[in-house]
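Accompanying notes for the structure given below.
So that you can tell them apart, the chains are marked A, B, C and D in the order they are listed, and the count of residues begins at 1 in each.
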């Protein structure tokens, strides 16, 4: 059987770009990490080292900077769409995937800011000849409920497990991404809506399983915005185990040990059918 | 339109397990990071917090340890297959994905070892009622050629780019994964074969594009083992830029600056058709 | 010349402890990473493997949990002092150094919280037979001014350097630690005062050198609290280089590239003399 | 009491430099991470934003590249000494500290290499008007003994601890640094000697405490090289806990769980007195 090239793509990853809006004394920074991945008629580069169809990744990077200077950023979704549409105009390129992470800053003064480590906004846009898809999201959103979480009634087999828990800490680092049905929208408002829905559903759900919390979060995001087709969630369970104080003659209940490895990981899509 | 649960899975990630074969004075350690992901009839856990069908992730972890004690590890592929077949016997579980990273140690003495940071061996096994798939791989394999690499003749557009390079450093951190056509094999021998093919193809290929090197590597892996269906490669371009010594009155050519961001990223599948 | 043991210490590092105050429906979490280092009459453990004087690091960990359960945390400085005083009561232990990192959480509801990644509060307490020292601090406080920073008039030598900058972005990740003259204080109020002084001095200083900003920050902290003896600051210069848009026919000035390596690093102590 | 500037220094950190010796077809790469820290008459930069005495960190970086091009690297100690001596010739600079990490590569062919993650060689050189100090070292050297380690007979107090262990895994990530009595030496040979002494002492010592292993390692390094004044070691205890197989009906003894947090940390200096 012959050997041949299958699916392939290439691009520039992790282009760090900070745009500062300085037209008035009250500045506004936009702090981005942009990645570009392109696919198209690129077989000759692989099989013959023929780069005629290759738009260099360095050019991709320059384009990101030039577009930010020429058009500004707007929302990350708009910026990604503009870049994606541009790249597929290159004759050899059929498809562009633009991924952006936006790092938030809190204002301290008219031109002073503190990096807000609380969460990262994300966007992923896919553009080809006929279709455009926009997926918005969030990552590194770490949430904790200190009660209203239990885990009982699960399947037992021959490998005994932890005792059932009727009042535990539930903590997770949310990675969520929601797909929009259309590509024209008030993206910043939509982000605020979805992000609030996630946090409120987490805080307001009595959790009998992390799966139940996940589903409540996904459902709430879809209910809050009719323009969303589906939401994907990945929730690692950041365990906080109750420390047994019996050996030290103290009551247990208030002291927990936070562990990193291993961890449960719950992943699901919630969709509008 | 109604909201409903889509694809979902859950499991225990990053179970750290070290097995030491100590039946003779010459010990042999096996150092693994095992992740389990299960899918099946789990809707009720999401929609109603009903855990009756949930095999707890803590039980999954116990199972990994118990199987290592009962059967030993053998190769990572065997160990993953054994675990996967076990988990799908749980009535509510249809599919199990077992992912393993194996960290190598160099022998210093009969019971003494040095952690070898040179690369990490990987395996991913998917088991469901009817099928079993085994994908072996490697990650963090960092390779460099200090010549025999060029990048010329590429597409130019209005965003000018770096000058053409006729003799550059080519360095990358290889992530590769090859899918086996069958699930019965001398897995350790197969790993050694594929890993050597990758390194030899990288070292022996005159590179006119990183794509050309990628394709040569994938091709070599398939040529070396008839039992492979395809190989996927992701090669970040770890740039080493020539430092311009002209301002300091020195000849350029021997001094490079290694940069981390941004980086080119080339991804492709090479397959047997 | 004979070989002998010099200065030595040992302890348990990175004890993760989460305390949740749940005596009322409005919970309050305290999320800590505690490290203990002890010194004393420990030569025999090194030279003869005699552990009679060794308080195991596992016991140190247990003590941290038991003290949190028995006495609560209070401020991190109080908790560290209480631990340090306890450890030096062990006959073989002369000195204890307790280091704590406190991770902040924002309240979302009575028992719901979001991890606030904006900064980490630190404390380091040293206790020996006669003296007690408390050093409070902050790390990972990332600040940025988008104007009011220049860098001109510096020393030139034969290795030419970047052009002078009359309006640049100044960004840094603050690590600061201030030493208290006494060990009895309203620690939480003192932390709030120092932390505000750092941010306000950064935002309010026209910077002709990162050194000038550092000194202004240290001075402001000392001015804000008479009970401080000195403050140490380490300020990495998180470069944001202006992207030259000339090749793309755009005006330069609004677009910057954030780089990680290499970086300038400014360190100094500001003290009350 | 007046506020004033105390100890201070500044410099460029993490200058990544790869030098490739290509004068013959068999190339040799040297892969370094260089940091420079300078102290001197720098008060005016802090108090008045006067940069006249400031040699910019960008110039420091250029100097590192220019010296590598002009003189080559030789050993990292030689390169650091040459840089340090240069920087203190600047009128305003009294002291220079040059720190270097060297990343090893394994040869795969005449111009092909694999990054060897096994350990990092380090050097730290301090130069001022009258004195020069050279400290060589290693970091990230991860070692494991799968037997010949115990931990018994330790001090017990009221916070009960883990049971005594008569046969445990001992694993650590070595950070060691040895100070040379002189500044003229075959540095590469000295590194090989010290590094071997560390690994051999670790492998060959029956360990009743990690302190005993540390001391044996330090002693062996000093014994192997009369030109060393002292060696400092920091050994984190990378715990491998025996997994209790009793609940699963399996014998315990071969399966361990590797944990990262918390960890014991043993630090000491061994010196020639």
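Throughout what follows, a contact is a pair of C-beta atoms (placed from the backbone, for glycine too) under 8 Å apart; a residue touches a chain by one contact, two chains touch by 3 or more.
Predicted model, so just to flag it, every value in this text is computed and none were measured.
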* Asked: At the chain A/chain D interface, shared numbers over all numbers used: above half (same) or below half (different)?
  -> same
* Look at all chain centres (mean of CA atoms) and spot the one farthest from the centre of chain A. => D
* To do: Report, in whole Å, the distance between the mean C-alpha point of chain A and the mean C-alpha point of chain C.
  => 30
* Euclidean distance of C-alpha centroids - chain A vs chain D, Å -> 37
* Asked: If you average the CA atoms of chain A and of chain B, how many Å lie between those two points?
  -> 23
* Asked: Can you list the chain B residues in contact with two or more other chains?
  -> 16, 62, 66, 159-160, 247-248, 259, 261
* To do: May I ask you to sort the chain touch graph into line, ring, star, complete or other?
  => complete
* Considering the complex alone, what residue numbers of chain B touch chain C? -> 158-160, 247-248, 259-261
* Touching chain B in the complex: which residues of chain D? -> 16-22, 27, 29, 31, 62, 65-66, 68-70, 105-106, 108-109, 111-119, 140-148, 169, 199, 202-204, 240, 243, 245, 247-248, 250-259
* **Residues of chain B defined as touching chain A within the complex** => 1-16, 35, 37, 42, 45-59, 61-63, 66, 90, 92, 151-157, 159-162, 207-209, 211-212, 214-215, 218-219, 222-223, 230, 236-237, 261-273
